[in-house]
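Which chain is which? They are A, B, C, D and E, in the order written, and residues in each are numbered from 1.
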Amino acid sequence: MIRTVLIYATLILMVIIFFPLLSEIKPLSQLNPLAKRYVEDSTKNLNSPNIVTSIVVTYRGLDTLGEVTVLFLATTGIGFLIKRRKKNGEKGAFQASEILQTGSLFLFPIIILFGTYIFLHGHLTPGGGFQGGVLIASASVLLIMANVNIKLNHTVLHFIESLSGFLYVIIGTIGLFLLGSFLDPKFLPLGKFGSLFSAGAIPIIYSLIGLKVGAELTNIVDSLRAEGMEDEK
Amino acid sequence: MVNPLYMFILFLAFGFLFAILDKMGRKVTLTLFYGVLLANFIIPLYWIWGIFSGTTSGTEISTAGFMAPISINLRFGFEEIIIVLLVNFLGLLSAIYLSDKFKKSSINGMILFMVLLMSIDGLVMTRDIFNIFVFLEILSIATYSLIAIEKNRDSLSAGFKYMLAGGIASAFILIGIIFLYRFTGTLNLDDMIGKSHLLVGKAGFLSLYLFLFAILLELKPFPANGWALDVYQAVNEGLVAIIAVASSAAIFFVLYKFLPLVPSEYYGYLGGVGLVTFFFSNLIGLKQKNPNRLLGYSSIAQMGLLLATLSILKSFGSNDLIIFQIVGGLFINHFLAKAALFWLVGIVKKNDISAWTNLRTNPSLLIFLGVFILALSGLPPFPGFWAKWDFVMILASKGSYFSIIGILLASLFEITYLFRWLGFAMKKTDSTEKIDLPISKEFPIAISAIALLVFSVVTTYFFKEFSFIQILPLVGLVLMYLFGYLPVKVKGFVAIVIISTYAIKLYSLVSGLELFFAAILVVGSLVQIIATMYRSGKREGFYPFLVMMIIAIGNLVIAKTYLSFFFQWELMTIASYFLIMKGKEVTSAGLKYIIFSMGAAYFIMTGFAFAPVIPAINLSLINTIGMKHIGILSLSLLSIGFLIKIGSLGFHVWVPDTYNKADDDTTSYLSSIVSKAGIFGFFLLAVAIVKNASLDTELLLTIIGWIGVMTAIIASIMAAFQENVKKLIAYSSIGQLGYIILALSAFNHIGWLAALNLTLNHMLFKLMIFLAIAGVIMRTKTTNMYEMGGLIKKMPWSYISVLMGIIGLSGVPPLAGFGTKWMLYNALIERGWYLQAGAALFASGIAFLYLFRLIYTVFLGQAKPEHKDIKAAPLWLLIPQYIAIAVVMLISMKPILLLKPLSEMISVYIPTNLGWVGDKLITVNGYWNGSQVMNVTMIIFGIPFLWMLFITRKVQKVKQFNIVFAAERPDRPETTHFAHNMYAHYNKAMGFLVTPKLAIKFWDRVSEWISSSGATLRNFYSGNGQTYLLQIILYFIILYSIMGGK
Amino acid sequence: MILTTVLGFILIILGIWGMLTQKNLFKMVIGFSILDSGIHLVIVSLGYIKDKTAPIIDSDILANNASSQVVDPIPSALVLTAIVIGLAVTALMLTYIIQLVNTHNFDSKNMKDPLSITSYEELKW
Amino acid sequence: MKEKKYDILPNSELKAEDRDLFCDARPVPVSKLNKYMEKLVNWARANSLWFLAFGTGCGAVEVRPLMTARFDAYRYGIAGRPTPRQSGIILIGGYASVKTLKRIIRSYEQMQNPKFVISLCSCSINGGMYFDSYNTINQIDKYIPVDVYITGCMPRPEAIIAGFNKLKDRIKAGNAEGANKYAENFDYYKANQKKIIKDWNMPDYNW
Amino acid sequence: MTTQIFIKIGYACISIAVMVAYGLLTGGVMARIRARVYGRYGAPVWQPFLDIFKNLNKRTAISHGMMFYLGPIFRFAGGLGTYLFIPAVFGSVLFANFSGAGDIFLVMYFIFFGQLGMALGAGEGGHPYSGIAIARGLAQMSAFEVPFALAVISIVVQYDTFSITEIVAAQQGGILHWTMFTNPLATIAAFIALLGMNMQSPFDIVIAPQEIPIGPPTEFPSQFLSMLQTNRGLFLVAKLILFMNLFYGGATSVWILFLKTFIIYLANLFIGVSFPRYRIEQAIKFFLKYPTIIGIIAIILMAMK
């Protein structure tokens, strides 16, 4: 009882505390100088129309590397936590209907294709490596959900994951090597503004991220699924 | 210089690759793993070499080819280099420690470990607040995953609680970051600091507060830290070492980076958070039995202390060098010691500290444990000691009384539980259970111990500008350890050689009062070393600490600054503690000793802290201490410290137990030498007072005087009721020291003379008595006096020694004891302390009771049949006794030999009002001719003796049972020996003064109250993850309402 | 006051409420997810400028005048990272729950609900 | 009288482990001082009669009144002493049972030479009314040398004072050499004592 | 110098002889007075001499060991020393003794010398009663020392000196200059202490003749006893002289000394014969109550002057 009162009192107090954040913040009317610099610099120095992408991949590339690492950690951690067993029984698992199974198989390559498109054009259009990766993963998820019996090749997934991560670091290191700055994408030609092969190494990095994210998310979902099924025995 | 980013690259690249490389076999990955760790240890090492050789001063790294604030930049300055070095060092060691885990479990463990280290390095180096968030999350996630390295329920549930707390923290930090960005328009820390004026209003503060709170939460402030404790308890020790130490260090460093952004008026609150954490964690830790959780409390407390020191120093506006010294000292201390302790716990694998008794079977582990516990307790020569000293000095100069009290009290709590643990580990048992000790696990511990020691010696020697002689106690310790394999006799001889050499060196450095004290302390010790050789076997670990203690005590006398005095004082305490711990069943007595000693030390430290800095003249403290005006507060604190050390009334509870349980020759040292260190301290005080004539010390001195005399009375009564011979002498010791401070506080020439004389006499008499009794105990194998008796026939030499001792102590003429008593009364009357004089006489009357009991029940009366065949005491014990007797006889026959020089020493401080006519000493009130009294006594004793020889015609020497016995013959000696409960009648009359045992009850209550408040407080930690969450959010609200008012 | 920000904060409070009141581990994780989403909303909403468009330069937005036509790109970049991190944490939490249930001792005497936070109180004091 | 060297007594009745606790020297007769000195000393001895205040039988009740105002034996230098070490006279207070005899012997032997024995009552002379008792000694002088007998059952305090005066005369005359006699005839007395006392359990001579 | 010393020793011998004789005689007289109180005639006044002489000429003695042998010697030396450090007669060279060697505190502490030695000797005797008696004696001593010490401190404060000679000197010039009148409270406290010191009833449980055969000397026969008895006379006189000097104006001639000490002892004796015995804890409590309070008041009064 006391606890309940305390909890609600806490929540009310939290509201009171957070209130100034709402009341004292005036809506923006223009960009702050830093944002302005990003917008200007991105077009000038990076030849990347998608400013968010330039920020994500280049200016704040270290964050993104970290972000990739976080995802990587999550898969590794989950893999570390859950010991995958070879013989997963599927007894009692929900068996999808024929339509669903066929439909998912039909949709799968299309989604993959779409995802690939998204991360390849990350520097040009909305979206990027993460978004693309998530799309790819969603394709896998669809597949997994629809086909309970499907076995994903984890070796390949891991391989993609590791290699793309490794290559990402290597690309960063090339920047360090050639231009003296880690994750500098400008060692490749900046190309023509707005074209696919422009903005230095950004598309490459984003592609690697896309692959990696796709593989990782697939892996996570699959790990959880495997464990969950085992649980029902 | 290598770009530090290569560390990240190495970690990450191999982290990503390992999943593939592992297919080639675990050997490959393991080799690469350790290779990477080693390389990443070498890189900062290389940098630090560069910094010390002056080729670099650190660097700023920007990424992505753009300058900050557009891109994320990293800093690799001096602080960063140090921390990264330490973190990677610890990582390497931890990895070695965990090697068997890594060998067996999946490759993911290694990957996670590397990424964890990378994130810590990143946290330290990055200068971008969002990047901080990212690295923090990497750190958290890696930790969450690694926690499950042991897949048991405990670690999983602890991990889940950790995740909940971490989730809240990351939520808060994220809100904080985005609003900080919104206000300042930048994410770069340096940039933001420049724009901190933009953080206005409640919202501005709140955004700062959110960030700050998240960081604080990761530092586990009390009481919002239950989750962390669970993690410390449940998780593999190799990993906890990283979590508790390296991660915390990095987060602490984040706070350090972030602090410039926080308006300085909030530093005080942060300090408060740290202090509260330090205090309560240690308080709760008192009740803890599980070593993991114990260390958890200690870790949290240490982080609290770091936080407190940092923010308090910042709030004082101290310069960076000082902050660096203090915080850095504490930091390194904690960093190396705590990690290694966690590893140690992992090796020993006992869930209760009281089960650690088998550590003796593995001396190396015991030594390590000792080193780390000493370091954590802030004892010299470890860095924590210097830091704590400096910090208290600064606090005192700013008048932060509460902070000082809090920090020192909490430190005392910490010392209590740490030393309780150490005490258990040092306990002697019959258990021969060996600890399984793979080299991979011992290696990291050994390396951190060595690193800690090297660091300590380096700081001590170079940065604190300590001369060789001041670290000589430690040198002696190490030197004697090298002789560890030799038999006792040889080691004793070596010790004598070392101490003699030292004594000769010391002689050239001292004069006046210092010479007197140096002579008493060092020569007295030297003589007693002979006695220590009476044992057979090796007595491992005894001589090193003995030599250390003696040199430290000698160095006390020549210490030139407060710091060096305190340094030597603490060394003495440590050494004597370990000497005491050589005894049997000494666990609780040793704990009492260290707690009270440390309490005393803290009083002394604060006393010095409030004293003015003495001018840096190359003279010892006793010559310089009074040069500046010392305040009454400082004097009182110092007095209390020294009173505790000499065990005066109220603080005496540690003395009897300690003296009783320590080895017999150690007890002799404690009583005759170590207690004199406290007296020397009092002389320092006295000199300080004398040189500040303007100071009104009447009240202080009166109080001390009364304490002295009441100590003498009560201790004497207590002594009279003891059945245990060592306790009896212990109480006697307390009482005698009471006289000394009474004489000293009379504060006139003759009073000081009396005090000096009493000091010398007490040293000699207690040496004689304790060593003689040591011989008796050795032969009879008991300490109960009623189990002895009639030993005069078997051990006549010991008897004579005790006889001289008790005549001296009781102050019966003609021995030197009388002279001191006489001077004492002179001093008291001159001072106008008539009632004190009466009370002192009362005390010396009671002294007869216990002294008679001592000699009668042990040496006279009926001998026990089981002692039929015992031999005289070993020659080794007798030699020092008879040396002392010779000295006593000399100063009794010719007191002028001693008194005149002493009087001259004193007249430097207090002009003499004594007159000398021949051998006669004339004071304001009375006169005394020691030599004449001696001569007359010898004649009036000699003549009846000759007469008796002449007139006794036929004296039949009879035996033990030929006593007047009207009925049957005496049955058994036991029933005929009047010894047990000897002063029952006195107890009926005067027992009401001592039976309430007020002091013992008082301290019992205090400890009971403290530990039960700790026990109550720890109910906060209910174990429920949701409650922890609630606590965190409540803490958030409360801290905000305290801080947010501004 | 921006409506989205308000909504974000409502979600934040809701999430905290969920974490504080729900005993079920899954529900607590859901609470955390709501909290996370709320934060993401807040982040994005703070970068929004009325009547401005996404920071992607295409034919509608001229490169030389871009800065006056787009919303703040930085929160968008940040939220991307935040989302991914939130996802990772949530995934790990779920894994933990699975493992916790796995270590649960399912025998008749043990009345503890494996999915309740109150069942994991062995470590305390 | 020539000085004898101390002989060692066997103490055979003692347990082996107890023998160390007792002195085993045999008592020896001690020579007198020279004639005049001895006379002077005997005069002092006669006027300082310290008796052991140890009542061994019913006759002892008559000793108490000696010290009262009515009889005031102090006048004659007679005084009681509580310890045999310091007393010179032992009063055998009437009949001596076997058990008491043991105490008498112990106390007597603990007194220092010269020492005198005054025997009160008939019982200690011939057993008196207990002559045929199984545990009463009939003749005390078989066991210790007696200087003065005071007859009567019981003798009045006046008679006791008279007895003390008799002893004084004997001492002054130099005839009261009971202690030396005891030492000289030690074996005789011991044999008699041991014949009567079965549970001996003490050294042969109680120093 | 040497001759001076020999003269001094010669004087000391004479003074000791006189005082021993006087002490024993006083003892005899007092025994007779006590007898008169009880309605007896009592032993002749020279009885103590006779007893000592007799004991001296006992033919045998026993000894329990070295310390036992030395015990009475310590005791006697203690008596001698106590006496020798007191100036017996004010202004007399013959009776000045070695009072130049030390002052009142020396005398107070020298009293312990003999007691300690005797205690040890008796202790070696191995008799439990000796131990019991000594334990009682020490306990009682620790108690009666308090009022005595307070009284002494009070007069030290009063006369501002430790020197007994000077204290006596300050009391010269008429009966009203005696401490007894100038500082009556100290005198009362000290007088009560003297009862304990002399082991007079009601404070005589230490030797308790019927209970524990005369206490410490239980085992001491013959010559040892004679030495103890001799000391008894001397020590008694020494204590009386000390009290006389401190409280009753001292003595300018040996006859006044005899008179004053006799009267002090007589007063002592009358109290002694009139009271039954205290148990030891009662005695301790008594000493630490009334006489101590009186002593403290005496000090406070003197300190206020």
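Structure notes:
Just so we're on the same page, a residue touches a chain if its C-beta (ideal position, glycine included) is under 8 Å from a C-beta of that chain, and two chains touch if they have at least 3 such contacts.
Bear in mind the structure is a predicted one, so any value in this text is a computation, not a measurement.
By the document's definition of touch, common neighbours of subunit B and subunit C comprise A.
Traced through touching neighbours, the fewest hops from subunit A to subunit D number 2. Pairwise, the chains sharing the most contacting C-beta pairs are B-E. When every chain is reduced to the mean of its C-alpha atoms, the one closest to the centre of the whole protein set is B.
Our note on geometry: subunit A versus subunit B, Cα centroid distance of 55 Å, whole angstroms. The geometric centre of subunit A is 15 Å away from that of subunit C, both derived from CA atoms. If each chain is reduced to the centroid of its CA atoms, subunit A and subunit E end up 106 Å from each other.
Averaged Cα coordinates give subunit B a centre that lies 72 Å from the centre of subunit D.
Shown for subunit A are the residues that touch two or more other chains, namely 7, 10, 14, 18, 21, 23, 25, 32, 34-35, 38, 60, 63, 66-67, 70, 73-74, 77-78, 81. Touching of two or more other chains is recorded for residues 30, 83, 85, 207 of subunit D. Residue positions 59-62, 213, 218-219, 222 of subunit E are each in touch with at least two other chains. Pairs of chains that satisfy the touch definition comprise A-B, A-C, B-C, B-D, B-E, D-E. Residues 9, 56, 59-67, 69-70, 72-74, 76-77, 80-81, 84-85, 98, 100-106, 108-110, 112-113, 116, 119-120, 123-129, 131-132, 134-136, 138-139, 141-143, 145-146, 149-150, 153-154, 156-157, 160-163, 213, 218-219, 222-224, 227, 279-282, 284-285, 288, 295-296, 299, 302-303 of subunit E touch subunit B in their complex.
Only residues 3, 5, 8-9, 12-13, 15-20, 61-66, 69-72, 105-106, 108-109, 111-112, 115, 118-119, 122, 126, 128, 130-131, 134-135, 137-138, 141-142, 144-146, 148-149, 151, 175, 179, 182, 185-187, 201-204, 206-207, 1030, 1033-1034, 1037, 1040, 1044 of subunit B touch subunit A when the two sit together in their complex. Interface residues of subunit A, counted against subunit C in their complex, comprise 4, 7, 10-11, 14-15, 18, 21-23, 25, 27-32, 34-36, 38-40, 43, 49-52, 55-56, 60, 63-64, 66-67, 70-71, 73-74, 77-78, 81-82, 124-126, 128, 130, 193-194, 213, 220, 223-224, 227-228, 231. Listed in rising order, the residues of subunit D touching subunit B in the complex are 17-18, 20-23, 25, 30, 54, 83-85, 102-103, 106-107, 110, 201-203, 206-207. The part of subunit D that touches subunit E in the complex is made up of residues 30, 33, 41, 44-45, 47-48, 50, 68-69, 72, 74-75, 77, 79, 81-83, 85-86, 88, 112-114, 179, 207.
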